[in-house]
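Naming follows writing order (A, B, C and D), and every chain is counted from residue 1.
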Amino acid sequence: MKQGMATREAYGHTLVALGRENPNIVVLDADLSKSTMTKLFAEEFPDRFFDAGVAEQNMVGMAAGLASCGKIVFASSFAVFLPGRCFDQLRMSVAYSQMNVKVAASHSGLTVGEDGASHQSIEDLALIRSLPGFRIIVPADEVASAWATRTAASVVGPMYLRLGRPKSLIVYENGHDFVLGKAVRLLDGDDATIIANGRMLAEALQAAAICRDKGIAVRVLDMHTVEPLDREAVKDAAMETGAVVVAEEHLLNGGTGSAVALVLAEEYPVPIEFVAIKQAFGQSGDPASLLKAYGLTADDIVAAVEKAIARKRQIVSVRRGS
Amino acid sequence: MRAQSSAAFRAVCAKRLVKRKNGSADIDKNKRTSGLPSVSIDELERIALTVRRHIIVMTGKAGSGHPGGSLSAVEIVTSLLFAVMRHDPTDPRWPARDRLVLSKGHAAPVLYAALAEAGYFPVEWLESLRKLGSPLQGHPDMHRTPGVEMSTGSLGQGLSMAVGMALAGMLDKSDYRVFAIIGDGESDEGQIWEAAMAAAHYRLGNLVAVLDYNGLQIDGPNKQVMSIEPVADKWRSFGWHVVEVDGHDFRQLLDAFAQAESKKGQPTMIVARTVKGKGVSFMENVVDFHGKAPTVEQVESALRELSSPITGNGAR
Amino acid sequence: MKQGMATREAYGHTLVALGRENPNIVVLDADLSKSTMTKLFAEEFPDRFFDAGVAEQNMVGMAAGLASCGKIVFASSFAVFLPGRCFDQLRMSVAYSQMNVKVAASHSGLTVGEDGASHQSIEDLALIRSLPGFRIIVPADEVASAWATRTAASVVGPMYLRLGRPKSLIVYENGHDFVLGKAVRLLDGDDATIIANGRMLAEALQAAAICRDKGIAVRVLDMHTVEPLDREAVKDAAMETGAVVVAEEHLLNGGTGSAVALVLAEEYPVPIEFVAIKQAFGQSGDPASLLKAYGLTADDIVAAVEKAIARKRQIVSVRRGS
Amino acid sequence: MRAQSSAAFRAVCAKRLVKRKNGSADIDKNKRTSGLPSVSIDELERIALTVRRHIIVMTGKAGSGHPGGSLSAVEIVTSLLFAVMRHDPTDPRWPARDRLVLSKGHAAPVLYAALAEAGYFPVEWLESLRKLGSPLQGHPDMHRTPGVEMSTGSLGQGLSMAVGMALAGMLDKSDYRVFAIIGDGESDEGQIWEAAMAAAHYRLGNLVAVLDYNGLQIDGPNKQVMSIEPVADKWRSFGWHVVEVDGHDFRQLLDAFAQAESKKGQPTMIVARTVKGKGVSFMENVVDFHGKAPTVEQVESALRELSSPITGNGAR
């Protein structure tokens, strides 16, 4: 896989393009426009960019007010502060009020790196998933991020984009035809399914390659949309492969894995292994070392796949009906 | 037990509302202030009385709600909806309307009562306050109640939304104005000061906030719970033009709103000194009536008191 | 079941008792002391009570500062504002900093009633479950709440108590011997297990009675401690009854049901039905009507039990090994 | 490339720290100020120089971090740790110690450098800044770094924690004092104003905040991003005693801290005008050096500049 732009960079560039196409688009930031890349928009459209300073709560309120007057509002900061610092505001002013506000949160996950725990959001999905009405996209590369940004602009209602700091590995060809709420099946196989998104999709693909060499055939799903979750794809994976691994740069609690576990508990219970952060905060370090230290590498995924398959074999299931 | 109010009376009020819609959302800016309504102070006081009666009846009927902070804001809301703001009850989403955000959302009853009187929805709705499925939720809900501009209830958020609306007005070169009503207890919230800073930074002359300064929050007087004094200095140091008024005196309120309108490039804070529970002797300055509904007997005794307008007897 | 005090009332009274026993206990509130019942403590120990006014963020910071100096700090407000209005503060100043702060949040769930959506916290567990280091107790009645409050004072570290507004039905005898992290098995049966806590435990017990009349024998577990979750009890329930229902006054996403689903996905996948709030905000209404409107009654639990059992029967499972 | 510093030098500094522990946590209050250290301004300036060199070297070595806002706070932190505060590097959790909360946590390098110089941990640790497993995290972590009082990094929270510590001091009738350093960009956070209001309400004379007023935040100058002026008025209107100083002038800083100590029943805000990147010509007032580490060449050139103390050349 080739290295491409960070998802936050693709977001920034796409915002500029959208700004040219649609005068209704307004962008807000909370003193992090160089990092979230909204700076690109600010430079070209200074009149439609508002900096809230280091005041995430007020930024969200301003976004809601602007949206109530017909603006399509993108609000950006780091994922740890947005939603973390302004959850109640997102709840009342955006989710409950059904405002057309797009929360584009950069620097999600451990791969923020050296800044450490205070800046590494490992729980933002848990927060946003608890806000009825919010759609959630976790793009894996620059192509997916550009699509996500365009989708945010065109679909009416609250939306959350989970973006990353480091360069991303390119998974998709330009112009790939994503559908909101539909997982992408990147690889197929019968032994198990790896569901991943964001930064972890590249690891999942590497893991699948390692598995292939070991004679294990895995399906890989890019679950770019976490809300609404593609229940069909999850159910099919369980029914057709019988063992599921969910890999994400997020806490186990409240993330994509939790969403998948709920679906399967209700639809088709099979063994699931979670490659996610277990109850612990992040810390300083370079991204690669951190992923390793927290068990979020391709090798960890492979181990999880093997464990899930072993558990599947332990259960001899005869399913009647469906 | 229903508060008096007639369709005819409401129609009169509604007609008096400033309506200068000229077909499109385009507004002749030079004429903005020329059409201020000719509602007399006497009439405003009569409306205020009706609004007060509604507040008592509807919270009494609901068996819960916030009468104290609703009663303190009656003159503020009444002057806005019946004398100051440009709006159209028959077209609540008219793009060029002035906007009112009730940031202290628990005072929903005063807003509902005034909106009903202004003709946004039938007065009969008031009886459904806080009931399952009612268009009148315990706290304002913009999607359920015509005329409610923003959903509030979690304190401290409304002023930020008002800032956003004011920014949108500037962007769209529309001359609508934005009003927000905040509480003194609510002023403890840091978000209020974030919004205050931003409004001054962005020179939002189209923004007016009113502080319903009734001196009480839930746990007691501000002075004991969390003092906000010197509050006028605070707003001044945050870059706002500040006007201090008796919040139950329509003349002072209208003057202050006019002053705010003439102020360019700077938001205005109207510090309105009020009395919590105003107009009902046994509720005035009684901390407990913040969030306690009147009993059946209390409703009756309150309505007896509220049979003629309170004239010019101001705040503390 | 007899009606007893609300869990928040039991909290308030127990605080006073603790205040008498331990001069190190300090209580904070954010202008809601009459509702959270910390007022009782404030009246007896005015020197050790600090009102933050309507400033939840600062309250949490003050709590952390006091705790860093050796105080055992209880901080209270409504569950919608605490954690909702101060999540990042709980994250940095309390969870990450491992402060001895007890967050006692009242008015959780829909049974707040007439105040409506802005005041009904249906997502607080999702937030707190994403904070490593926080223990979580959801007491069902006055006895459990008194125990939870005492436990909070004696166990060092961040803890969350989820309290309710309305009177609670009495489930436990005075002095019941609870253990932090151990579910209480209130009823036993082989057909299915109902896991519940807080307000929903009483509904679960009623549901179990209805089930018994229908010839269905259910186990009922009070999952009072949500973090750390009693994994053993959950796993045993799955292995021994094969069908699980989780009932809680919370969103499906992020609540007790999500925690249970994660455990079973990893340990022993069986059908689970969730009696919880599906992605929607609350609204005004009296508590009983709301529980009905949102599908949170004993009858809803019974229906869920029947569905779970039907699903279990569809799966003929032969489990090897374990 | 390592900054100069010798164990002997550190020992001298450490000895000069005020230590009036008399066996227990009991402190003779009347003697509190009598033992102020006899560190000369010259010595403070030499320490400051070393601290600056450490900041450059450690961020350079880490390849990331926040040199700009660390350099602006050097005199503030140095005066606190080496002349103002009562503390004991050999006993970081001494209950009666004065407390310092670095609310603008991204300036961790200045705190780490000063703590190392004061003897809290070996200077060698500084090289591990921001590495996996290091005791010196990208932002201060109270459980990993001796002498770090509170974990910070998310802006706006530190002052609230300081308020809590000051309340605990009052409760325990201990005479320790609490210091917090906040940024100008950080002052946008509403929580700062919540804490400000509470500190005045609770009359916390044992609390001192210092504003590192370097005029810049990440997106540019405060004036453009979010103006905080008139900032001294803001703090005054929030009930604080305000002193304005040149934040690079030790004499003015020490005076201000002494003034703060004599102020009873009211918290003091020291508005310290500073220069972001102070001491390194190519970093001074350069927005980008907020969060960018110096390259190898830049480290060398900076260390050349930082070979003799900057004396009394003050702020902008």
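As a convention for this text, a contact is a pair of C-beta atoms (placed from the backbone, for glycine too) under 8 Å apart; a residue touches a chain by one contact, two chains touch by 3 or more.
All values derive from a computational prediction rather than experimental measurement.
Participant: What chains, if any, are shared contacts of chain A and chain B?
Facilitator: Per touch definition, common to chain A and chain B: C, D.
Participant: How many Å are there between the centre of chain A and the centre of chain C, using C-alpha atoms for each centre?
Facilitator: Chain centres of chain A and chain C, defined by C-alpha means, are spaced 29 Å apart.
Participant: Centre to centre, by mean C-alpha position, how many angstrom separate chain B and chain D?
Facilitator: 45
Participant: Taking each chain's centre as its mean C-alpha position, how far apart are chain C and chain D in Å?
Facilitator: Their C-alpha centroids are separated by 41 Å.
Participant: Using the average of all C-alpha atoms in each chain as its centre, how far is it in Å between chain A and chain D?
Facilitator: Those two chain centres are 38 Å apart.
Participant: Where in chain D do residues touch two or more other chains at once?
Facilitator: Within chain D, residues 151-154, 156, 188-191, 194, 197-198, 201, 226 contact more than one other chain.
Participant: Give the residues of chain A that touch two or more other chains, as numbers and ranges in rising order.
Facilitator: In chain A, 52-53, 55, 57-58, 80-81, 84-85, 88, 91-92, 96, 117-118 touch at least two other chains.
Participant: Does the chain-touch network form a line, ring, star, complete graph or other?
Facilitator: Graph shape here is complete: every pair of chains touches.
Participant: Would you tell me which residues of chain D are touching chain C in their complex?
Facilitator: These residues of chain D touch chain C: 95, 142-143, 149-154, 156-169, 171-172, 190-191, 194-195, 197-198, 201-202.
Participant: Going by the contact rule set out above, which residues of chain A touch chain C in the complex?
Facilitator: 80-81, 83-85, 87-88, 91-92, 95-96, 117-118, 122-123, 126-127, 129-133, 251-254, 257-259, 261-262, 264-266, 269-274, 279-281, 314-322
Participant: With touch defined as at the start, can you tell me which chain A residues reach chain B in the complex?
Facilitator: Interface residues on the chain A side: 26, 47-48, 50, 52-53, 55, 57-58, 60-71, 88-89, 91-93, 96-98.
Participant: How about chain D: which of its residues touch chain A in the complex?
Facilitator: Against chain A, chain D makes touches at 62-65, 105, 130-134, 137-139, 141, 151-156, 185-186, 188-190, 217-219, 222, 225-226.
Participant: For a test of understanding, state which residues of chain A touch chain D in their complex under the given definition.
Facilitator: Result: residues 29, 31-35, 39, 51-55, 57-58, 80-81, 84-85, 113-119, 283-286, 289-290, 293 of chain A touch chain D.
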